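The following pair of complexes shares a single chain, chain A, combined with chain B in the former and chain C in the latter.
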Partner chain A sequence: MSSNLFKTTVNEYLESLPKTVQSKLYEAPATCLSIYRLLSPMAKFYIMSMIFNEKPVNLRDLNKWCKPSSRKLEYEALKRLKALHLVEYDNKGSHIRLHSNFRKNFRDCLTGTQKPNAFGSISLTNDKHKVDIKFLDKFASQKWENILHFMVGTESTTTPSKSVLSLLQLGGLMENKNGLSITNSGFQFLLQDVNAQIWTLLLQYLNLTQDLNMDPVDVLNFIFILGSLELGKSYSVSSLSETQRSMLADLRDYGLVYQRSDTSGRFYPTRLATTLTSDSAGLKTPSMAVEQALGEEAEETAQERNIQESIIIETNFKVYAYTNSPLEIAILNLFVHLRTRFANMVCGQITRESIRNALYNGITADQIIKFLDSHAHPQMKLLAKERLDKKIEFDTSNNINTAGGAPQSKNENVISQHKLEIIPPNVLDQIKLWQLELDRIQTFEGYLFKDLANQQEYDILSNYASELGVLIWSDKVKKKFFVTKDGMSQVADFANRKLKR
Partner chain B sequence: MLVASKGVLVQCDPSIKALIIQIDSQSPGIILEELDDTHLLIQQDKVEIVKNELNKLLSKNIYDPFEDDSRM
Partner chain C sequence: MEAISDRLFNEHTTDNLQDDPSLLTIILDVSPSGWFKIQNVISIQDVVKSLIVYLNSHLSLNNSNQVAFLITSPLKSKFLYPKLDNSNIIKDSVSKDMYRQFKIVDDIILEELNQFLNEMIDKIENNKRSTLTGAISLGLTYTNRMLTLDQSILTTTASAMTTTSLANSNQNSSNITSSSSTSMKSRMLIISANDDDDELTYIPLMNCIFAAQKMKVSIDVAKLGFKNSSYLQQASDATNGIYLHIENPKGLIQVLSTAFFIEPNLRPFIILPANSNVNYRASCFITGKAVDIGYVCSVCLCIMSKLPEKCPACNSEFDKKIIEQLNRVPQIRKKRKLESNGNGNNENNNN
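Showing the complex of A and B:
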């Protein structure tokens, strides 16, 4: 979920750029590829269908590419493409075509005819001080963890560089009240996965560069190029522009690239950088990668394994965490009422108030549950596994299904219907209930259509709105329906066209 | 004649709807239209007021185990 969150913010940033900047961006093949990666599958499909087509596509043909039931997807995909100016309409608005620069450069990417240094140029000479992937992973996670630890105020961490500090303040993640302290949004930031965190900082960095008179296009291009570099290879600095060279020092502070010294003629992208724009779940996610990097360290000392998996939750909402990591305690403190702290553990209680506090700060129940799930003590997992095994055994021996739902004669799916429950189910449900309780009302901004002349008119308009996916509520008898703010103009246009006849 | 009126659609349980109607009766001008048992159309700038009032009304009926602790 959080990775979706980050994608929308990157995309929103890109959409908010003026058209001239966007057009300049599409001159770099690496950027075209990265932007393509960030699009939804439907939008990708449209681009793929049009990319080798020299002529503009008739909108009427375009409409036939998807079923009427999927109008909503089409509407969203086209909206995105339009906001990014990846598609252009001709004067009459009846034909659609891809942005010419984008089309050319993206085509070059696909067919491998782009300029040789489009994706950074690999250093050809041998590095005397060669570093391996393991070293890079360690370097990256060390740098990044250091920033996170600094945010929660872990003692004995070295203070990050000035540029990092100003970024944290600019992004509203920390504030200066007699020394730096973390803000609410900073805590939310901690709960996101690493990729989302990096993008949050990079977007702040982009805002900053505009004040420094750096060219945002150059900066963005470099970020996107980083996303398509290969881990463990070194790239030469000389092929970079002046702006990009000055960025290297900053990126080194975040752990995105490794450079042995300021004057070194080569740099290594780390895993944090190379996974910036990858979105396929099949690949290793950056958070997994970093966790794995941590896992390697954990084997060395038993202490650090505890940081990873240390939380026990009882059915009476009591929480015990075997940890002395200030980072983890600080995170726990967000949604647990901590009562006692010992040298190697803390205990506390999950209460309605503690969960509500967390929810007020914008943390969701799912985030809490995910955190508890992934940090559960091995003993909890063992117990959950045993319970699951028992249930399945009971079901198969009695030939029934206790997993809920109607009893089934076939027991093929029995196993898949039971889920591993690490957190006690009653605690899990209660946390979700508390969240539901907080939003007892759901609100939607938009427009209410009423006083329609006849049933037919109502049917036409409301069907159109629901095809677009902007219909929220409708009442056939009263002949009223409600559409979202975004869909208003489209529905109004449609109504004007239809009702004039 | 087709009319489209601007507002905020509120979706809630019938019980919550009753509470909102009560809030409206105390400070009129919030509800634009009652649509059905679970839907209301309200003024756009009154959403926050409604949410705050609802929270106040609802938290009256909640038991907090830690209140007892602190009294002891």
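Showing the complex of A and C:
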């Protein structure tokens, strides 16, 4: 899902770091905590089960936790952990244990025995120019929205600072053709939620730091510490390293921290910063919470809040959006065929062409759906909720489950539940189908297994591969099957082990 | 073509290992008798130490994870965290050496626990029944509030709580957020050292179990002490929870961080620690004692260990002849049981 998109991108970046850098990262407790939070639930469970265990854990014991049907999850979790070097295999490959530094620091973090100031040093003295949370929220949203507005070229926005501009260009979000203009990937960027956007920029920033001879470990540590700071408290600059101090100015430009002046001895993290490492459900919030806080303040900002949730979609694919913000209209224009524009509203139609255009630009159906979902008009959400309540009531009164799936399948612990359908289901399915039209051919890199000795051998290996989720194609009669590139080594190992006997 | 289209449409169901925030409610039973019996093995202090680390690790899973800590004794049940008046929270939150979310929770729990135990020493009386079921209901009501009503769940940090309480006034948003907050999951962990099953009240416990089933809250039980508790076993069995009898609680944290660390969204994919022989004993409606074999009223299904003239629950009169037959002598009863199983107003019921 796109809400977890930022996690994957951040994880991929971390995985791409050399081992020495990763090891250095694990020396900071705050970083350990943040990296832990970015992992998949399965990986978290494995780490937690090993963290208080002094001895290396037998891989076979670990396997026993997993149901055979969820092998894939286990395989992926271990792959991730290995790529991050969080787990180390012993020589024989039968036992694993946690990275020793990570284990120590994370354990200290949980038991509260780490060195002082691991989570930023709070300024204890009172600030003469104290600012409250409301102010910080306003500051953050102003800075951030300004960047977004600049990207779509809203008039009367001030140009962001040079460092922001260079980041936007470097990330390929904007390009310089006699004046800056937004690119396709820039539009994609706009469709993401705030957290993913911030991370996109931060990762670009990290790439940049390597050219500037800044230590990526220092930079990452600071970013992760930011994620664990407390909103509304001020922290002292003096405990930061030289690199981190130079970062402050840049982070201020993105609205992640507030510092009254360059020389001020303290800084305040904003909500954009403190929610960096949290995820989806919490994280519809940074923008929402910011707006909520602002919405209290004045009527006009309350209106602004409504702009965020203003889209009505009918079952006949017509779209109405109560907005006059160029940002929103520009985004809608990506995948809606806009017809008419009024003072406070635009109307349009979702068509096959309009969606295909968006898809050609690299926007996915999921992104579109997510955007529509999160920007739906309150009335649509209310209706959807009413429908859902009715369905549930109907089910309970008739003692059936119309949500799909066999009602008698008791061995499955998850009973299929009704989902909240904000977008009309037919529109939803159609958008997905239009995407399917485009990818009729998919290419995979991988390996073909053939010339297997007998049917039994074929069965064992192909079953194992499909359990891992790496099997792409198989032919029982010809005794051939095809696995992905990643899964090759795993399957080959398994084959060597099994077939020798 | 079919395979491809399936992939797109099923992606969400197969990959639905979402990292949803979850609420963990811990209920610690401090009934003195149970802890006295295992005083040579482990003390409440040691258990609380492990529990606090356990709470921290739960909070470390996800920024928006929540915890609640309840304590129960024969005297009363009480919330230790969240505290009802959060006046001290702000003061406590300034900490130099610990992640502040952990610090707040840990400090409040320790402070309140000490206070509670001190109070208990003065007032404790013997022969009082456990109020564990009361604590479970408290926990469930709190869960319900967090899951469906309260918006503060959506905020990511405790510090944000104050700001969103403002937002309550905004009706529109409250409607919406309440619907989206259903993604929150919840589970409950009971730690008890109480060996005497009869101290638990059976019917309220059953009601709690049904409520928990309906809310899809798993009840996990960590049973210290020497005996299994069949009622708590039933509770975890019925709610797809984990029941473990920990005979050697020295390495409690390891057990907590593995077997009891399975998040609700992971449960479908993991083999839970087996709960093979659950004793489905029920409690007698008249004496309150647990019964293995007893009588069941055919009208209201009330369970009795001896035969009264009238059903104690629904007041329906039993057939006198059959009562006589049943009360006569053991040999006849045995015979009857073999011959017929299914007619007559009252009959032997074998669980």
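For this structure, a couple of remarks:
The rule is simple: the second predicted complex is superposed on the first by the 385 of 501 C-alpha atoms of A that agree within 3 Å, B and C clash if a C-alpha of one lies under 4 Å from a C-alpha of the other, contacts with A are read in each partner's own complex, and residues count from 1 in each chain.
The definition used in the following text is that contacts are C-beta pairs under 8 Å (C-beta built on N, C-alpha and C of every residue); 3 or more make two chains touch, one makes a residue touch a chain.
It should be emphasised that the depicted structure is a prediction, and the values quoted were computed from it without experimental measurement.
In the superposition on chain A, contact of A:442 is made with both chain B and chain C. When chain B and chain C are set side by side, the one touching more residues of chain A is C.
By the document's definition of touching, of the two partners only chain C reaches A:64; chain B does not.
When both complexes are overlaid on chain A, the residue A:111 reaches chain C alone and has no touch with chain B.
In the superposed model, A:277 lies in contact with chain C only, and not with chain B.
Looking at the shared chain after the overlay, A:488 reaches chain B, while chain C stays out of its contact range.
Legend: residue contacts after superposition of the two complexes on their common chain; A:158 is shown touching neither chain B nor chain C. When the two structures are aligned on the shared chain, A:42 is found in touch with chain C, with no touch to chain B. Contacts of A:340 after superposition on the shared chain: neither chain B nor chain C is touched. Once chain A of one complex is fitted onto chain A of the other, the partner contacts of A:454 are absent, as it touches neither chain B nor chain C.
Across the superposed pair, chain B and chain C both touch chain A at residues 440, 442. Within the complex, the chain A residues that touch chain B are 337, 351-353, 437, 440-453, 457, 472-473, 475, 478, 480, 482, 488, 492, 495, 499.
Here chain A touches chain C in the complex through residues 1, 4, 29-30, 33, 36-37, 40-42, 44-45, 48-49, 51-53, 64-67, 69-70, 73, 109-112, 114-119, 121-122, 124, 133-134, 228, 230-233, 271, 274-275, 277-285, 289, 292-293, 295-296, 309, 365, 378, 381-382, 384-385, 388, 412-414, 420, 432-433, 435-436, 439-440, 442, going by the rule given at the top.
Interface of chain C with chain A (complex): residues 1, 4-5, 8-9, 12, 17-21, 53, 56-57, 60-64, 93-94, 96-100, 102-103, 106, 154-157, 159-160, 162-164, 166-167, 169-170, 172-173, 175-176, 179-184, 240, 253-254, 257-258, 261-263, 265-271. Across the complex, chain B meets chain A through its residues 1-13, 16, 20, 33, 35-36, 39, 41, 44, 47, 50-51, 54, 58, 62, 64-66.
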